[in-house]
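We call the chains A, B, C, D and E, going by the order they appear; numbering starts again at 1 in every chain.
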Amino acid sequence: MNTALNLAIWLPLAGAVLIALLPSAERLARWIALVASGLVLGLAVGLALSFDRQAPAAQPQFITHLDWIRQLGASYFVGLDGLSLPLFVLNALLVFLAVLVSWKTQQRTRAYFALLLVVETAVAGVFSSWDLFLFFLFWELELAPMYLLIGIWGGERREYAAMKFILYTVGGSAFMLVGILLLYFNSPVKTFDMVAMGSQPYVGSLAGLIWLLVFVGFAVKVPIFPLHTWLPDAHTEAPTAISVLLAGILLKMGGYALLRVNFGLLPGATRQFATLLAVLAVVNIVYGALVAMRQSDLKRLIANSSISHMGYVILGASAAVAGGAAGAMAMQGAIFQMFSHGIITGLLFVMVGLVYDRAHTRQISALGGLAARMPFVAVGFVMAALASLGLPGMAGFAAEFLVFAGTFPVYGVATILAIGTIVLTAGYMLWLVERVFFGPQRPEWARLPDASRLEALTVAAFLIVIIGVGVYPRILGDILAPTAATLAARLAS
Amino acid sequence: MPIYPIALQHGLILGAALFSLGLAGALIKRNAIAILMAIELMLNGVNVTFVSFAQHMPGAPGQPPELTGQVFAIFVITVAAAEAAVGLAIVLASYRLRHTVQIDASSSLRG
Amino acid sequence: MAAQAWIIAALPLLAFLIIAAGARRSPLLSAWLTILAIGAAALVSLIVFGQVTGGTRVEQSYTWLPLGTGQPFLVGFQVDSLTATMLVVVSSVSLLVQIYSLGYMAGDPGFARYFAFMALFTFSMLGLVLANNLLALYIFWELVGLCSYLLIGHWHERPSAAAAAKKAFIVTRFGDFGFLAGILFLYWHANTLQISELAQKVAAGQIPESALTVGMLLIFCGAAGKSAQFPLHAWLPDAMEGPTPVSALIHAATMVAAGVYLMARTFPLLEHAPVAMGVVASIGGFTAIFAATMGLVSTDIKRVLAYSTMSQLGYMMMAIGLGAMAAGMFHLVNHAFFKAMLFLCAGSVIHLVDTNEMPEMGGLGKERPLTFLAMTVGALSLAGIVPLSGFWSKDEILGAAVGSPILFGAALLTVFLTAAYMFRVIYLTFAGPHRGQVHDHGEPTSMALPLVVLLVPTVASGLIGIPALGSPIAAFLEPGGAPAAFNPVVAAISLLVALAGIGTATVLYSGGKMDRSHALQTSLAPIHTLLVNRYYVDHVYNWIAGGVVLGIAWMADNFDKYVIDGMVNGVGELAVGTGGWLRRAQTGQVQAYAWTLLIGVVALAALALLPLGLR
Amino acid sequence: MLPEPAPLVATLLGATPPMNAELLTALGFYALAGLALAGALGLIIASDVFHDALFLVLTLGSVAGIFVILGADFLAVVQVLIYVGAIMILILFGIMLTPQLGNLPNTGGPGQIAAGVIAAVAVLGTILAVITTATWPRASAAPIDLPAGTTSLLGTSLFNSFALPFEVASVLLLIAMIGALVIAREP
Amino acid sequence: MDLRLLGPEVALAVAASVIILADAFIPGGLSRRAMLSVAALGIAISAWAAISLGGSSASGFNGTIRADAFSLFFELLLLAGTLLVLLAAATLLEASPRYRAESVGLVLLATAALMLLASATELITIYLALETSSLSTAFLSAWNKKDLRSNEAGLKYFVLSAIASAVLLYGIALLYGLTGQTHLEGIRQLLEVPSKAPVLLAAAMLLAGFGFKISAVPFQMWTPDVYEGAPTPITAYLSVASKAAGFAVLVRVLQTTLPDTQIDWPLLVAIVAALTMTVGNLVAMAQSNIKRMLAYSSIAQAGYVLIGVAASRQGTGPVLFYLLGYTATNLGAFIAVIEIARRIGSEQMADFAGLYRRAPGLAFALAISLLSLAGLPPLVGFFGKLFLFWAAIQANLGWLVLIGVLNSAASLFYYAQVIHTMYLLPGEGEVSPEAPNLSTGSLVVAVGGIFALGIFSAPLLGLAITAAESLP
C-alpha cells in the first residue's frame, strides 16, 4: 500500500467531486483544480525522486495490491516502473500546466475544471495500473470527460470532432476488450495481474489474433495510420489546454499500452508483427509530415506533426524485438520519445493557443509578422518548433537519437527514411514559423499584446523541462534504461 | 399413415391447420374484431393439439392418465375468454376514438 | 588550465544566459557582457594554446545518456593541437567581430538579441571544437546551425532574410541527415563514438574499409552541408541577408569552416578510406572552381565574398581529401582571419553606402582609406601573393595537389579566378568616382580597430609556413604525418597565375569602369546568364521543394481528406442509412409486425432444423 | 402424407373388413374436421364481420365434436359453454357496438393477403414437416383407454396438480374484468 | 402449507385489492398518498416474504413454483423496479384522478404475475403468468383513454402479445407431446431425443414467445410503438420489469429443460442476440423522440443480455447482474424523461437543448443514465457488459462478443447525441425549478444505483452468480 501513489491517482477525482459539490464556486473551482493538480505534481515528482533506480526492472515499485472482483481475477493493483513513471510525471505536469493555461476560462468554469481533474485521475490510473482489468477501466474512464471537454469548450466544428474522437476511441477499445478477454481466458495464468501475465506470457495459437485485437485499440489512440483521422479534428477543435492534454498524454496512453500489453504480455506475437509495426511507423512518420506540410490551419498542422512524431515511438518499439543493445536502445528511445513529444507538442499547442487567443484566427495565411509585436510568443514558438524538429539540446533530440541509434541496425531502410523525415519536419516547422512570425508586420496585428506574466511563466516551465531533459537526459535515462532493457530482452528471448 | 383408425397425427395435423388458418386470418383481416376471432381460432388449433396428445399419454404404470393436455386446454379456453374481454374492451375504446374498428386506422405510431 | 578548457565555451554561454534572463533590457550591457565573456574565453584559449604547444593533452568524458545494455552515450571535451588552434581562431575572431558589431549594429532594435545570439553562437562553436566524440560534436554542430538560422534571420521583418534563414537551416540539415546516419553507421561498426577510440580501432584495422568508406562519406555529407560544398552550397550566398558581422564570423571564419574542421578531426579515419578521400578531394576541387566562377559575375559585394568563401572551403576540402590535412587546416586559419577582415571591410563599405550592390559604390577609398588598405591586403592574401598568409597555405595545398593533374589544374584555375574577382571587387568599390549615394556617418573606432588588428595575422600568420622553419604546422597538427614540402616551382607558377588574375581584373575594371566588362558580358552572354543564375541549381532545388515534395504532400493530404476520412464517414453514413432503412420497415401496421414475428419464428426454426437435413 | 387409397376404397366398398366403430369414428372425425376447417376458411374469406362470427361458431362447434372423438367430453362441454355461450356472445356484442360507416374492406389488399398466405403456409409447412416426421417417444400408438367420463380425472388434476395455475387463472379473469371495465367504459 | 411460497405474490395481490376496493368504497376515493403508502407497504411485505423464504430452493404446489435464489433475485428486482416506477409516477397520478386506484392495482397485480413468472417451474403456470402480465400491461398501455396514441399502443401490444403467446403455446404443446410433462424438470428428464426436430421447433417457438416479452429481434416490432404511445411510467415498467421477468423465464426454461449439449439452442440465441443488438442500435440512430429512441435502445440492451443467455450456464450470473444494473439505468433514464417531458412539455430530443442550464439535475441524471447504457465506466452499464462479454468469451462466442462490443461502441453515437443536445446546444426558455418530490427521489435512487452498483459490482456479481447457480 503506497499512500503517495494512491493519493496521486485519486486526489484529482476528489478535487472534481469537491468542485461538483460546491454549487456556486465558479472562481474557487480553478483554485481547487490548481491545488489538486499541484499536489499531484508534487507527489509525482516525489515518487520520481524516490524511485529506486537500482532495483530490478521487472517489478513495479510503490505497489498497492488489493482484492477486487475476485470472480474475474481482477484486483486493484497499482505501481510504477521505469516505463510508467515518466509518463505518470508527464501527466501530472501537463495537467498542472493545463490548469494554468486555462486559467482565464470563463464558460462553465466548474464543469471544465472538474472534468479536467477526472481526466487526470483516469490517465494516472492507466499509467499506474498493473491489473489489466483496472487498466481497461481507467482507459474507458477518460472518454466521457474528454468528449465533453472537446464538445463544450471546443472550436467551431467541435461537435463533429468530439463525436469522431469518442466513436473512434470506443470502437478501438471494443476490439481491445475482446482481445483482453481472450487473453485472460487463454493465458496460462488465469489472472489480470500483468506482472504474472508478463512473467509467463501466452504463446498459444490465438496470440496473433489477440495481439491484433488489442493493437487496434491502442493504434487508434497513438494514432497509427490509417486509424489516425480523428486526431487532426479533435486536436484542432479542442480548447488549448485540452489539445495540450490530448497530444501530451492521451496519445501516450496508446504508446504506453502498446508497450505494456502487446509487448509486455505477448512478446511472441510482437516478434511476428514487428516488421508490420516498423512499416506502419515509417508510414506514420513520413505521411504525417507530408500531410502537415499542406495544412493551412496552424493547429491542424501541429496535430499532423504529432502523427509523424508518434511514428518514432512505434519505430523504436518495433526495433526493440531485436533485443540486445540495439533493442534496449530503441525501446528506451521509444519511451523517451513519448515523454519528450508530450512536453514539446504540449508547448506547441500552448503557443498556438496564445496566438489564437490574440489574433482569433488559426489560418496561417492570415497571420504574419507577429514577431515584432509578440517577441516572447515568437521566441517560445520558435523554441517549441526547434524542439519539435529534434534540435540537440532539447528533449526531442535525445529521444530521436536513441530511436535512430537503436533502430538503425535492425531496420536500416526504415531508419534512413525516418531520419530523412527530419528534414521535412524542419521544412514545415520553419516554414510555419516564417509565415506566422516573420516578414513585415501587418496592420491588422499591430495591436496584439505579448504574453502575460502568467502565460510567460507557463511557457517558461515547459521550456525548462524541454531543455533540462534535452541537456541532461540522464534525468530520465536512469529510470528508463533498466526497464527498457528488460522489456527488450524479454521480447528477444 | 392409414386414414383410420385415427391416430395421433390426425389430430396434430388438424390442430396445425387450424392454427395456421387462424394465423392467416390474423394477418389478413382488417376488422379488429375479426382478428380477435382469428386469434381464437389459433388457440383452438393449439387446443386440438393438446387434446390429441392427451389422448395418447398414458399415466404412470398402474395410475390413471393425468390428462395434462386436457387441463391445459381448459386453461387455454379460460385465457381465450379473458383475451376476448380485454381485446374487445380495447377495441371498443379504439372505436370511441376513431369511429372505426379497422386495424389499419391504428398506425400513427411508426418509424 | 587545459583540464578546465570547458570554461572557454562556458563563458559565452553564461553571457547568453544572463542576457536572456534579463540583461537584455539594457542593450549596451548585453553587448559588453558578450564582449567580456568572449574576451575572457579568448584569453583562456591563448593560455590553453600555449600549454598545448608545450605538449599538454586533455580528454574527459561524461555520461550523457545511460543505456540499459552496454556503454552509455558519452559527451566530453578534449584539448589537442587541432582544438587549441581552433579555439584561438574562433575566440579571437569572435571577439573582434563583437567589437566591430558595437559600432556596426548601433541603434538596431534587436541589439541585445543580436549579442545574445552571438554569445550563444560562440559558445556552440567553441563547444564544437572542444567536443571529443561524434555525438557531442553533432550536438554543437546543430547548435551552430541554429545560431546561424537565428542570426541570418536577425532582420526577420525582411521576408528575404526570413527565407534565407530557413533555407540555410534546411539545406544544412539535409547534410546533417547524412552526418547523423554516418554517426550511427560508425557506431554500430565500432561500438563507440569517441573519436580517439574510433581512430584506434581504425588504425588497428578493426573496422572494414568498406564500412569506413560509407561512414565517412555520410559524415562528409554533413561537412559538405555546413561548408557549403557542392551540391549543398546553395544556402550560403543567401545567408548574406544577415548582418555583415554575422557573415564575417559565421559564414566566413568559423561555422562554415566547421565542415573542414570535422574532416580534419576525423582525418585519422578518413585517411584509411581512400575512396572517401577521393570524393572529398573531388568535391572540394569542383566547389573551388564552381564557386569562383559565380563570384566573377555577382554584383553584391557580400555575395562575392560568400562565393569566395565557398571556393576557399573547397580548397581546404581538397587539401584534406588529398591527405594534406595540416595544409588544409593552415589555410583554414589563415582564411579565417583574412576573410573575416574582408567581410568586416565590406561591412564598413556597406555602412557607408547602405547597399550591397557594387555598381552603386565606387570611389570609396577616399572616405575609407583604412578599409581600402585592409581590403587590398586581404585580397592580395586571398589571391596568394607572397608573403601574405594566403600565399603560404595555398601553396602547400597546391603542392599536395601536384600528383593529381586534374585537381592541380582546377586549383590553379581557381587561383586565377580568385585573384580576378577579388580585384574586381577592389576596383568596383574603391576606384574611380562615386556611382551612388554616400552617407558618411563617420567610422567609429570599434569598427576600425578590428580591421587593424586583423591586418596583423593577414600579413603575418602565414610566415609560420616559411620553408626555412621546417614544417611546424604539420608537426603540430599531425605529428608523424608527412611534412609539407615547399615546392618552389609550384609557388612560382601560382604566383604568376594570381598576378595574371589581378591583371585581368585590372584590364577589365581599372578605374572602377564597367564598360569593358559589359562588353565582355554581352559577347559571352550565355555563360554570363548561366553564372548569374548560379548554374540554375537553386531553380532545381526550388522545383524539388515546391514542386515535387509539396506535390507529394498535396497527394497525401487529399488522400487523408477524401480517401481515409471518406471511408470513416462512409461507415458512419452507412450505419445511419441502414438504420433509416430499417426504420421504414416499422410501418405502424400491427399485422406487418405480426408477419415479421411469424416469419422470424419460421426462419429461426428453419435455421435450427436445416442442419438436421429434415429427415 | 396422402392417405393410402386402397384401404379407403376397399372399406367404402364394404369388401374387407366390415364397417366398424373405428371407421365410423374416423369418418366422424373427418367430417367434423372438414367442417372446422371450412369454418376457419370461411372466417378468413367472409366479407362481413357478422358472417365471420357465424363461421367461427361453426368451427368452434366442430372442434367441440372433435374433442368428444378425442376423448375429451368434459372439454367439449366447456368449449360449447364458454366459447359458444360466452365468448361468441361477447364478440357479437362487440360487433353490434361498433357499427361501421360505409362498406370498408374486411380483408387487406392483395399484397397483404399474399404476405399473410405466405406466412401461414410457411408456418404450416414447418409444423407439418416436423410433426409428421417426428416420433413421439412418450405417446402410445393407440389412444389410451379412458373412463367413460373424464370429469373426475380432470377435477383431480385441476385442484391437485394444477391448483396454482387455477388460482392464477382467477386472477387473470379478475384483471380482465377490472381492466375491461375501466377501458371500455364511456370516458 | 405451500402457501408460504406464494407469499410475495399474495402480498401484492392483497395490496392491489385493498387499493381498488378502498378506492371504490371510500367516498371521494383513496388519496394518492394513501394509495402509494399501501402499495409501498405491500411491496415491503412482499419483499420481506420473499427474503424470509431465503432462496431455500423449496418447491411447492406440486412443483409448479420454486423459491430458489434465482427467483428471489428477480422478485426483489421486480419489486424495487415497481416501487421506483410507482414513485416516479406519483406526480402524474396526482394529475389524473380517475381510475388511478385501478392503475396502481393493475401494476401491482402485473408485478405479482411477473414474480410468479420468474419463480414458476411448470409450463401451464408460466403460460398463465405470462398472459396475466401481458393482459395487464396491455390495459395499462391503453390507459390514457382519450389519447389516440395510448390506445393504439394498447391495441398493438394486445394483438401481438396474443399471437406471440399462441405461438409459445404451440411450442409448449410440442414439448408436452414429446414428454407428456409440463414440469420443467420433468421435461428435461424425459427429453430423450430420437429426433431433434420437434425440440428445435419448440425451442424456436418458446424463443418467440419469451422473445416478445424481452423485445428480441424479430419479435420486437411492438416495442417502439408501444413505448412511445404508452404512458411513460408504463413504458418504464415495460422496459424494466416486464423485460427482466421475460429474461428470468427465458433463462429458467432454456437452462432447466433444454440440455445445450444436445440441442444447440445457444446458437439460436446467439443469432437472435446479434440481430437484436444490431437492429436496435442502428434504428435508434435515426430517432427524434426520446421515448422511441429509448425503446430501440432497450431492444439493443436486450441483445446484450442475450449474449449472456447464449453463454448458457456461465452467462447466467452476468445476465442477472446486467439486468440489475439495467433496471437502475433504464429507470434513471425513463424517470428523468418523465420529469423532463412534464416540465418542458415535449418528448422530442431537439427540445432538450440547453437542458443543462434549465434543469441541471435532470440533465445530469439523464446523461449519466445514457452513459451507463452506453457502457462507460465507472457506471454499472460498463461492468454489466463486461461481465456478459467475459462469460461469452468463455463460452467460445468470441464473434458474438466482437459484434457486441462494436455495437456498444456504435451506440455511443446516439446516446452522446442526446447529451450533446442537452449540454452543448443553447436552449430557449426557462424551466421553473420544483421542490424535490417523490419522482425526483426515485430518480436520485436510480442514479445513485447506477454509480453504486458499478462501484460495488464485485460483491453484487457474486450474489448474481450465487442466484444463477441455484437453478437446477
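Here are some notes:
Everything below uses one rule, namely that a residue touches a chain if its C-beta (ideal position, glycine included) is under 8 Å from a C-beta of that chain, and two chains touch if they have at least 3 such contacts.
Predicted model only: the values in this text are computed from it and were never measured.
Touching subunit B and subunit D together: C, E. Averaging the CA coordinates per chain and comparing them to the mean over all protein CA atoms picks out A as nearest.
Relative to subunit C, the most remote chain by averaged C-alpha coordinates is D. Distance between subunit D and subunit E, defined via averaged C-alpha coordinates, is recorded as 34 Å.
Rounded to a whole number, the gap between the C-alpha centres of subunit A and subunit E is 43 angstrom. Rounded to a whole number, the gap between the C-alpha centres of subunit C and subunit E is 77 angstrom.
Averaging C-alpha coordinates per chain places the centre of subunit A 36 Å away from that of subunit C. Taken residue by residue, subunit B touches two or more other chains at 12, 19, 22-23, 26-28, 35, 53, 57, 66, 68, 71, 75, 79, 82-83, 86, 89-91, 93, 96, 103-104, 106-111, whereas all remaining positions touch fewer.
Looking at subunit E, one finds that residues 124, 128, 131, 135, 138-139, 142, 145-146, 154-156, 159, 163, 170, 177, 180, 195, 197, 201, 224-225, 286-287, 410, 413 touch two or more other chains. Under the contact definition stated at the top, the residues of subunit D that touch 2 or more other chains are 108, 112, 115-116, 119, 123, 126-127, 129-131, 133, 136, 138-139, 161-162, 165, 169, 172, 175-176, 179, 183, 187.
Chains that are in contact with each other form these pairs: A-C, A-E, B-C, B-D, B-E, C-D, C-E, D-E.
Contacts from subunit D toward subunit E in the complex involve residues 126-127, 129-131, 133-139, 160-165, 168-169, 171-172, 174-176, 178-179, 182-183, 187. Residues 68-72, 137-138, 140-141, 143-144, 147-148, 151-152, 158-159, 162-163, 166-167, 170-171, 173-175, 177-178, 181-182, 184-185 of subunit A are the ones touching subunit E in the complex. Subunit C meets subunit D in the complex at residues 591, 595, 598-599, 601-602, 605-606, 609, 614-615.
On subunit D, the positions that touch subunit B within their shared complex are 1, 3-4, 7-8, 11, 22-23, 25-26, 29-30, 33, 36-37, 40-41, 43-44, 49, 52-53, 56, 59-60, 63, 66-67, 69-72, 74-75, 78-79, 82-83, 86-87, 90-91, 93-95, 97-98, 100-101, 104-108, 112-113, 115-117, 119-121, 123-124, 127-128, 131-132, 136, 138-144, 146-147, 150, 153-154, 157-158, 161-162, 165, 169, 172-173, 175-177, 179-181, 183-184, 186-187. Within the complex formed with subunit B, the subunit E residues making contact are 124, 127-128, 131, 135, 138-139, 142, 145-146, 148-149, 151-156, 158-159, 162-163, 166, 169-170, 172-173, 176-177, 180-182, 224-226, 228-229, 286-287, 292.
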